[in-house]
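First chain A sits with chain B, and in the next complex the same chain sits with chain C.
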Partner chain A sequence: MRPRTKFSDLARADREPVARIDPADLPPLSSPGPPPAKLAAAWPARMDAAGYPLDGTRVLAFPDPATKAERDALVGAFLSGLEKLFSRENNWTFLQPLLLSMEHCARCQTCSDACHVFESSGREELYRPTFRSEIFRRLYFEHVKGGGLVSAWQHGRVEVTWPLVARLGELAYRCNLCRRCAQACPIGVDNGLIAHEIRKLFSQELGIAPTELHASGSMLQMKVGSSTGMNAAAVRDNASFIDEEMTEKTGVAVETPWDVEGADVLLIHNAGEILSWPENPGAFAVILNAAGISWTMSSDIAGYDSVNYGVWYDDAQLARVARMHAEIAKALKVKKIVVGECGHAHKALLVVADRLLDGDLRIPRESALTLLRDIVAGGRLRLDPSRNDFPVTLHDPCNVVRLMGVVEPQREVLRLVCPRFREMTPHGVDNYCCGGGSGFAVMGGNGFQDWRSQVAGRRKLQQVLDAFSDCLEPAVRKYVCAPCSNCKGQIRDLLAFHDVWRRHGIMYGGLAELVVNAMKDVNPGFIEWEWR
Partner chain B sequence: MPIVELNGRPYHVDDNGFLQDPQIWNDDVARDFATTEGIAEMTDEHWKLVRYLREYYLQFGIAPMVRKLCKETGLKLARVYELFPSGPANGACKVAGLPKPTGCV
Partner chain C sequence: MTVFVYAAIVFGVLAFAVGTAARAVQYARQPMHLRWELYPVPHERADRAAHGGSYFEQSEWWRQPRQRNLRGELAAMLPEMLLLKALREFNRGLWYRSFPFHLGLYLLAAAAVALLALAGATLGLGGAWPGGAFGRGCVTAVTAVGAAGLALAIAGACALLLRRIQDPALRAYSSPGDFFNLGFFIVALSALGLGWATRQDGAPGALAIAAGLLRWDLAVPIPALLGAGIVLSALLLAYIPLTHMSHFVGKYFTYHAVRWDDAPLGEARRLRTALSASLAHRPTWAASHMRGRGDGTWADVVATNPSREDGP
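Then we have the complex of A and B:
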């Protein structure tokens, strides 16, 4: 048995990982047949000794401060940033729930049983949802509320050293921000928010954030138009290729409208769909055209990429990108923005942006899932559900379902187009995160992809296997519907890592593809059962 | 920035093992990086994919859509995975000296 990780371990000055995760300690997956041989050896083979390691993987890359003065400056910036998080002027968006989460935790640990990362790690203390929250809470009582002997006796204390600060920053990236714990908490304490605030402090005050989210994420998006690096010429070139492919495949002429002023709907996809899952934006084009919707896409900077990575780590970046999206809609004079199958974009533009946009930037914004429901349930397409004669299960993206309460629309669609739809257990607002939430799906270096395939995504993989337990033989083709790009990327990586397509015939994809696959007016066989 | 030694030559790579400076790429670099993918010998099919990726990258600054890659080279995706076991994005792009694809791909 491994030793129990303690708060004080984070302050250790040696260069050893605080916790070591052994694949043998993880809860076994109930999957028939032997697991692929690589799994036992694949991880954690790549231990990384840079900085003050946490658990054998790493997402934050920053130079190790060489001198005491440099270390003190970083700790000072951390402490002043901590104070700013608790002032109305500096953190008006999240101050109220943060204060509630600081002051009212009863330490009952109900949240721990709700956390997939904690459970799937074999209950490693480091990943207990209250572990980082409690350290952060102690720092709050000592450095924001004034501390003192009574406070130290009442709340406990941790010593602030650079190793502690550095490891706490990294630990903020072992939580998917799925907020299942906040839902389970009888008081509403939000450990996901605490992890988010730590990430924010690091980015906004120390200039430290994962490269995938910042330098090649939100910065790249604002510079060239998309975090994929696609500029306007590239996206137009790709979209016309998709139009050609869709026309060929469906037998119906497909043309994506661009930059149409006064259209009813501005559709913004996650641009990753265009590159990696072109059948999804293609399916939307087929559906919207068939339903007679007046719609357009935008080739403006950020207008063709709904992603807003700031929602995971930096409020200023979030606000900049949300504003760009709203400005584009305003310039195009559209009636509303519809966000495609992308969960975090729902949170950023449909929810958080409500606190940022004012005046004529308050343009109506809608989820693609309710639009699809209105089209399908409204009888605007001729459908033949027997074309979807294969088992389908549904993954609930946390940002769409738990956060927004969009639970039924996607199910109404599935019941109408997929006769063999079955639920996972649990589902709806009680769902488990795919393990890719909060940007993990786009982060992968230093063994992190293995970590999220083995630990963060383990519960979801088990749920998928359980949902299809009556038909796991590879000859029966099965489909996990994941209406969110981030979830889809994670589920792809999960299925590939555990060799599930080959061993069990489980494929993944979006919701719009299932609709087109059931449309009478297009050629059959829209969904291709080829691994990608 | 990590340095890896391939066939006796040192390369600066990112955390995912992708070549840091795409400018220094040439056929020898491709052969060196192919060893990290378990490719003993670069065949005509390997080169066809790598050259297409390279040309597309020089024109658009990013990697092409996988579907486009397959259509333009005439290779099925399953064949691409046989040639580059870790796939078009992580395997073929690495050998072609492209930066690791970014964003939700």
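Then we have the complex of A and C:
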């Protein structure tokens, strides 16, 4: 049995990881058959010597201060940021929810059992939802509320040192921000929000954020138009190629309309779809054209990429990208923006940024899942559900479901086009995160991809296996419908890591693909049962 | 002794009221935040609330009239407030300990209010509570509710304290103050119960003390242990708003102002005004991409593109 990780361990000045996770401690998966060899290869053994390691993987690049003065300066910057998080001038965006979560936790640990990361790690203390929150709370009472002996007696105390600060920043990226813990909290304390606010402190004050989210994420998106690096010419080239592919595949002429002024719908995909899953934007083009929808895509900067990574780590970046999306829609004079199959883009543009967009930037915004439901349920396509005669289950993206309340539209579509649809347990607003939430799906260096495949995504993989427990043999082709780009990325990595396609014949994809696969007016076999 | 007991009661009630109100006002006066709701939201239309859905499930939701299902909201609130539904659902082991504790406190609060009402009526009736069946019944009922409340609250507090000591996951996260808080409940309420139960024949009971308090009658001879119990309980009451035990205040806001706050900006002038005010704040975040064009407002910061203008 491994020793319980303590708060004070984060302040350790040695360069050893605070927690060592042995794959043998992880909850066993129910998948029959011998596990692939790399399951036994211990990613935690790949220790990271740089900085002050947390658990053998790393997403943040910290400075490594050599002198006490440098360390003190960094700690000072952290404390300065901490204070700003609790001022309305700097953090009006989340001040009220943050204060409530700081001051009312009863430390009852009810949230712990709701957390898939904690559970799937074999209950490693470091990943308990309250672990980072409690450290942060003690720092809040000590450094924001004045501290003192009575405060320490009432709230506890941790000593603030650079190793503790650096490890706390890293620990904020061991939470998927799925907020299942907040749903379980009897008081409404939100440990996901606390992780989010710690991320903001590091980004907005110290300028420290994962490269994939900031430099190669929101900054790149604002510079060239997409976090994929595609500029307008590249995206139009790619889309043109997709149109050709779709035309050939479906037997129906497909053309994506670009920059059509006055269109009813501005469709914004996660641009990652265009590169990694071109069949998804292709399927949307087929459906919207067949349904007679007046739609367009935009080739303006950020207009062809719905991602908004700021929602995970930085309010200014969130607001900037949301504003860019709204300005593009305004310039095109479209009637509404429809966000494609991307969960965090849904939450960012429809929910969180709702209170940032006013005046002429208040363009109506809608989910593609609702639009698909209207098209399919409205009888605007000729469908043959028997073309989807294979077991299908649905992954609920947290951002779309628990955090936004779009639960039924995707199910209505599946019930109409997939005769063998079955639910996961639990599902809907009680779902488990795929393990790729809050940016994890696009982060992979330093063993992080292995960590999210082994730990963060473990519960989801078990859910998938359970949903298909009656037909796990590889000869039966099965489909996990994940109507979210980042979830798809994580599920792809999960299935690949655990060799699930070869062993169990489980494929994954989006919702629009299933609709096109059932369309009578296109060639059969839109979904290709080939692992890529 | 008597004046000390009366003063403690007045102080405790006032401090509790002021402390609770101050905490509530503090949270209520926080600026509008970005939306951060969590579904299910029970004031959604009943058919959608049943599966945790939102108005976003409707086509062109912005054209549809929003229907607030107050009945649904009440149906979610009452079991949560009275039965601690979430705790029962997600942490049954703790609920067996916490529910009796909270139920005991509710009963004690109800008994205290009823006692004051009876005491007020006593004064209205010329100083003596009627001794008939109704009068005796009322006193017996209040006594029973109060006694049950005390027993449940003490038993619950003991069970919670034991759990906090024995469970490593709770113990590691508890501060000395957490143990003290539960101990305070046990000591204060035990002294109150013991003082009441062991008072001598002829000594004033709860009703007599309450009536004495209302007319500030210093001649009421309050027994020492009962007096100590009252004073300790009053101090406990005053102490609660200073701690996280005032989570009943926080809970109102976490539910109504965060989890269930799904109001779109477009339909509320209040929210639009708040947004204008917030965008006029001048942030001082130090990271280079946050600086915008110098010491600008949030509106300025958001209007910049740091990848082209200021940032790396």
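Structure notes:
Simple rule for what comes next: the second predicted complex is superposed on the first by the 530 of 532 C-alpha atoms of A that agree within 3 Å, B and C clash if a C-alpha of one lies under 4 Å from a C-alpha of the other, contacts with A are read in each partner's own complex, and residues count from 1 in each chain.
We adopt the following convention: a residue touches a chain if its C-beta (ideal position, glycine included) is under 8 Å from a C-beta of that chain, and two chains touch if they have at least 3 such contacts.
The shown structure was predicted, so the numbers you read here are calculated from the model rather than taken from an experiment.
When the two complexes are superposed, the chain touching more residues of chain A, out of chain B and chain C, is C. Of the two partner chains, both chain B and chain C are touched by A:220.
Using the contact criterion defined above for the overlaid structures, shared-chain residue A:441 touches chain B, although it does not reach chain C. Applying the stated contact rule after C-alpha superposition, one finds that A:228 touches chain B and leaves chain C untouched.
Comparing the two interfaces of chain A, the one with chain B and the one with chain C have residues 220 in common. Interface residues of chain B, counted against chain A in their complex, comprise 14-16, 60-63, 65-68, 77-78, 81, 101-105. Interface of chain A with chain C (complex): residues 4, 6, 77, 80-81, 84, 88-90, 92-97, 99-101, 103-110, 112-114, 125, 128, 130, 134, 152-156, 179, 182-190, 193, 203-207, 214-215, 219-220, 222-223, 314-317, 319-320, 323, 336, 350-358, 362, 364, 366-367, 370-371, 374, 401-409, 428-429. Within the complex formed with chain A, the chain C residues making contact are 26-27, 30-41, 44, 48, 51-62, 80, 84, 86-87, 89-91, 94, 98, 167-170, 172-178, 180, 243-244, 246-247, 250-251, 253-255, 257-259, 262, 264-266, 271-272, 275-276, 278, 281-290, 298, 301-308, 311-312.
The touching residues of chain A, counted against chain B in their complex, run 61, 211-212, 216-217, 220-221, 224, 226-231, 233-234, 237-238, 241, 245, 270-276, 278, 305, 307, 342, 441-442, 444-446, 485-486, 489, 530-532.
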